[in-house]
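First up is the structure itself, then whatever we jot down about it.
The first chain written gets the first letter, and so on, giving A, B, C and D; residue counts start at 1 in each chain.
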Amino acid sequence: MAEKIKKIALLTGGGDCPGLNAVIRAVTRTAILNCGYEVIGYKFGYRGLYNNDFIPLTLETVSGILSKGGTILYSSNKDNLFDYQILENGKMVRKDVSDVAVENLKKEGVDVLVVIGGDGTLTSARDFSRKGVKVIGVPKTIDNDLASTDVTFGFNTAIDVATEALDRLHTTAESHHRIMICEVMGRNAGWIALESGIAGSADVILLPEIPYDINKIVEKIEQRKSEGKLFTIIVVAEGAKSKDGDVVVSKIVKDSPDPIRLGGIGNKLADDLERLIKDHEVRCTVLGHIQRGGTTSTFDRILSTRYGVAAVELINEGKFGQMVCLKGDKISSDSLENVIGQKTKQVSPKGELVMIAKKIGTSFGD
Amino acid sequence: MAEKIKKIALLTGGGDCPGLNAVIRAVTRTAILNCGYEVIGYKFGYRGLYNNDFIPLTLETVSGILSKGGTILYSSNKDNLFDYQILENGKMVRKDVSDVAVENLKKEGVDVLVVIGGDGTLTSARDFSRKGVKVIGVPKTIDNDLASTDVTFGFNTAIDVATEALDRLHTTAESHHRIMICEVMGRNAGWIALESGIAGSADVILLPEIPYDINKIVEKIEQRKSEGKLFTIIVVAEGAKSKDGDVVVSKIVKDSPDPIRLGGIGNKLADDLERLIKDHEVRCTVLGHIQRGGTTSTFDRILSTRYGVAAVELINEGKFGQMVCLKGDKISSDSLENVIGQKTKQVSPKGELVMIAKKIGTSFGD
Amino acid sequence: MAEKIKKIALLTGGGDCPGLNAVIRAVTRTAILNCGYEVIGYKFGYRGLYNNDFIPLTLETVSGILSKGGTILYSSNKDNLFDYQILENGKMVRKDVSDVAVENLKKEGVDVLVVIGGDGTLTSARDFSRKGVKVIGVPKTIDNDLASTDVTFGFNTAIDVATEALDRLHTTAESHHRIMICEVMGRNAGWIALESGIAGSADVILLPEIPYDINKIVEKIEQRKSEGKLFTIIVVAEGAKSKDGDVVVSKIVKDSPDPIRLGGIGNKLADDLERLIKDHEVRCTVLGHIQRGGTTSTFDRILSTRYGVAAVELINEGKFGQMVCLKGDKISSDSLENVIGQKTKQVSPKGELVMIAKKIGTSFGD
Amino acid sequence: MAEKIKKIALLTGGGDCPGLNAVIRAVTRTAILNCGYEVIGYKFGYRGLYNNDFIPLTLETVSGILSKGGTILYSSNKDNLFDYQILENGKMVRKDVSDVAVENLKKEGVDVLVVIGGDGTLTSARDFSRKGVKVIGVPKTIDNDLASTDVTFGFNTAIDVATEALDRLHTTAESHHRIMICEVMGRNAGWIALESGIAGSADVILLPEIPYDINKIVEKIEQRKSEGKLFTIIVVAEGAKSKDGDVVVSKIVKDSPDPIRLGGIGNKLADDLERLIKDHEVRCTVLGHIQRGGTTSTFDRILSTRYGVAAVELINEGKFGQMVCLKGDKISSDSLENVIGQKTKQVSPKGELVMIAKKIGTSFGD
């Protein structure tokens, strides 16, 4: 079966993530050097597949990209070809244009499509697989919240960036007896906050999975004060919430000609703590997209390379409709039918890392 | 005169700044190894001087602190002993307690007081000098806006941090065709935004000194689009403002039981641009205190060490009431009487660095 | 059983390794905050145990050390109390002084000894266990070559340093069409060379486990030249050797009044290649101890913290004579009797990572 | 005069240096965006000029290179077209081929040649200027030893790398009571050793300009021991030498079928100290080319950009035969006739930085 493969195509979908280029490079080099495949890359995710917008991927095109963040194929966030927004007779309508994509693949003689993306992107990959397209999936999520694989690339780079920020905040917090809040990524899963909090020696870690009680945080600050520690470092996932169910709106439009972007949970927490604690200044840093970009970490370069080589091996073994994954420290694979729709992997409030953090004295505000 | 000196004291005031510890170390080592002085350090700036709260500074105490951000002497922001808030007969009152400080210096046998701080801290230093205290000043401002010295320590570390953040934002902006805004420090002077903007290859740099026209920024983004560049990087100083005189309030209290902390100029700009430009996502990162903390840069370690050694030399030469400064690349000094009250050094809209940035195509929104 | 524990002691032995301080901190904090144990630390490994030279370990002593390389307890390389070199009657003799150590532990009321170290240090730990001392082991090897645990702390930091060096060498190699050799640690096992080579995009990786043929390296360089790549990056483990069995002596003493320290395998290889390839300059960098020191990586801080907490849990469970280890991504433990004497874990020439590197085009000189 | 300029060419010569690409980018962008010049770049320095081997430099070609080490134009080390080695009638001969270069410039319609390079490269630039070619020079030396300019780009990046290495060596030295030697670049001038030594808190700094006495180093180590500091950090410039005039040969060929590359002054010093001091291990790291490569520092990116823009301004002002330079913190220029042949700028044994280092206790072995 595999011996008939002549040409493969790659695309990247969803938010960018350090390691995407390393996967593209590993797939391309392995396919060319070992199997003699021709390789092309569709630009802007599925949108490029619809528009037949692609570039050839050669040893030359993938040279020097191993450590570079982002994706040389660009990405788009919301394009689902099974429910795609297009202009028809002067009106925007949504329709299933997946047949156009299948047609484009045939026209270009693409035998296998390698899709690198998160849940949404891989759902489409499964749907293309159901339509008979030979598809291989590579999982991507900077939040590390995919149930089907133990570790995803990009996560290590993100916690490196967050930990370095916490290191920096420590010295300035200590000098001024400040409460420093650092808001990190993690809308539904708090892995980045949890691991960077442990590595960056945070005193308080707030996660979406463990609703916090603001009074417990105040207690922790007071307890530290009583031990002579006049500063406190708090790392908070963007999706963390209080037990009272406070909602942090991201826009105020009501009664305002000029909608205002708010600072998110980190800034809300800063306000709350400033009201409750009199003699400390509270400061908030929102790391935002610097967690996604820049030089890919050593760990993520290796993991991405393993994923990329494994994707080509799945092709060679004819295991289409599968996704590469990591189980323990072994590369493995699973069918897209199985992995799609699985619940995301959240931090367990009784899991090992939370318990470890608690044992060394970290508060989760619970 | 200088031969009578036996004991000197150090204090750090105002916001912390990478390099403070390097100055403390250089003063201490030079004073002990070359002059046989005893050295002590008052804690929490002038507050420690008032409370006679100090630690001995020895070769041991200053060991290993050269590269460490913050200050081992701690700092406080607002304490002016000439107008100090104290509790008297159950009421908080403000009064001049500077005599207490002078008395404490005498009691401890301190011959010279070395004060490391910004404008406010050095104003008090001058006032103590007028009262007959032998004072040496060392200038500190992370914003690099002191008129009396060409470069101040901490500034290089701050632009390193901001530039690294811009580097990271580039890869993610490029992958998604986003407009990325990075808000950096600089309330009255835009040096950090200007230099990190040049070093980090920002397309738009917004400074307090050059009010911006939002339409010019939109034009720049459109022009880039027409050249095939679908992303734009904007660095904005926290004190930047538009020509329309928009005020970014930092709190909304009106009609709200729960005051809300806003995201500052960066987030306001993000909102404005999202309204004006339809097909780009706009994202904002607020670097905040990570610009102040962490490992001190090589450049700042050397500059701080030069300042510290020079401060002891001023003592040995009996040049009291003076402040060390850097002119071109030479260490020099100036009298505190001269330097206090000078206007801060702002970016000139026609200065070399702005003109250079414009020549390589950077927009200042003007 | 565990409830009788009141006091525990720590020591670090062998070469230092990023993460040692993180283990010391995690053990100390967990023991104090959760169990109420008193904690002390012997200085200079077993030598301190013999001399009864220790410091108390408190929340204060371990504050701020999480990210710091080295060990606050110091280490010594060669001290085996079961065969210890001491001065007796004016002569240096070797004898078993382990009873002195046992006596010291009793005298200080130490209930459990936590030993952090490599093969040699843990062998002594087992021997103390045989003498009835309650011992817990924590494995340490920067080379990642312990058979009994999947990953050891320090290794990730070492490959980060090596990878960053390779990144730097790339730009300069490319500009000048040079052959750049980077010699990294790894006397018996080539893990650091292998992983940093993959992450740092080395063209050639040379390991102790895969003897190289110099002609194959020359072939690789020529092949790259024919593809228009005029530079080559080689990473070589210090223990790599050629198929011809060349021995690289580290000292020439013969016929020399002035022994000369040679540059090791990296420099030898540079000489060999310069003779064989005419039109390329060859340059060698020997990373040496910068791979061991400095700020501990995020990954290693978390792993060390997990090890430290797990060590205290073994104490609480009364599992003495055990060593903590990592299996897959789970913390586990094994008896010291089992782990001592196991062959070190070497790179398998047919293992996953070697095969991956080969598939993306890396040469191992075989 | 300047209005007639239509096309300019760039070339880079000599050893590579962080900042070269930033200069190329600044020249290209300024020339295209402000003056409408066409820009080309000769490859491999003067060799490309001889072979008429060039690429167009456009906004696209220079996109993304600001922070990248190396040079996109490549460089060559030894090519002097006034005394060039070529094959003629089957024999290698040296002859003046500069007329070929002048002819090529004419043929391509190049009006001005911008030469970025060190002493050798700029000497040729002057010689082309004498032949009537319109030349602008940009000085480059990572050693910072050009007399005609106060600071050169690349130097700050090099001391950053060296300082980070010293930071790393500190933790491991401290844990083991070792003497750690770090050999850095600087054959004739010790600026890198001096500044990284101050920033990296070296106990001993050895420079070409201050011959050392090995006994003074031993004294320093013993003095530290007596103060309880059992480790010592030594930074040594590759061109440092002892007062005894020891010569460190880089090859032993005598009596050897297999010449051996030695480790340089750092390794020699390690041997000498191990013989003289019994109870310390001595370890040496040779940083080599990692000091030249990788990401360009913030400081160097700004300086290079200033140089590049200034070079185009010299063209616009018709100031040919000039070289841009930095005096204090101002960009200026000087004629190539003046600057060529000036003695290199060495560290003065009585200069400010040496005196500062001595005052904080650093030994120079003198």
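Convention: a residue touches a chain if its C-beta (ideal position, glycine included) is under 8 Å from a C-beta of that chain, and two chains touch if they have at least 3 such contacts.
Here the structure is a predicted model, which is why all the values come from computation and not from measurement.
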Handout entry: Count of contact steps on the shortest path from chain A to chain D
Key = 2
Completion exercise
Common contacts of chain B and chain C, by label, are A, D
Problem - Chain whose Cα centroid lies at the greatest distance from that of chain A - result: D
Practice task
Determine the centre-to-centre distance between chain A and chain B, using the mean Cα coordinates as centres, and give it in whole Å.
Solution key: 35
Completion exercise
chain B to chain D, mean C-alpha position gap in Å, rounds to 32
Problem - Multi-chain contact residues (two or more partners), chain B - result: 167
Completion exercise
All chain pairs satisfying the touch rule are A-B, A-C, B-D, C-D
Exercise for the section: Sort out for me which residues of chain C touch chain D in the complex. Expected result: 15-16, 20, 68-71, 74-77, 161, 164-165, 167-177, 180, 252, 258-263, 267-268, 270-271, 283-290, 292-294
Handout entry: Contact footprint of chain C on chain A as seen in their complex
Key = 25-26, 29-30, 33-34, 59, 66-67, 150-151, 156, 159-160, 163, 167, 195-196, 198-199, 201, 227, 295, 297-299, 301-302, 305-306, 309, 312, 328-329, 331, 352-353, 356, 359-361
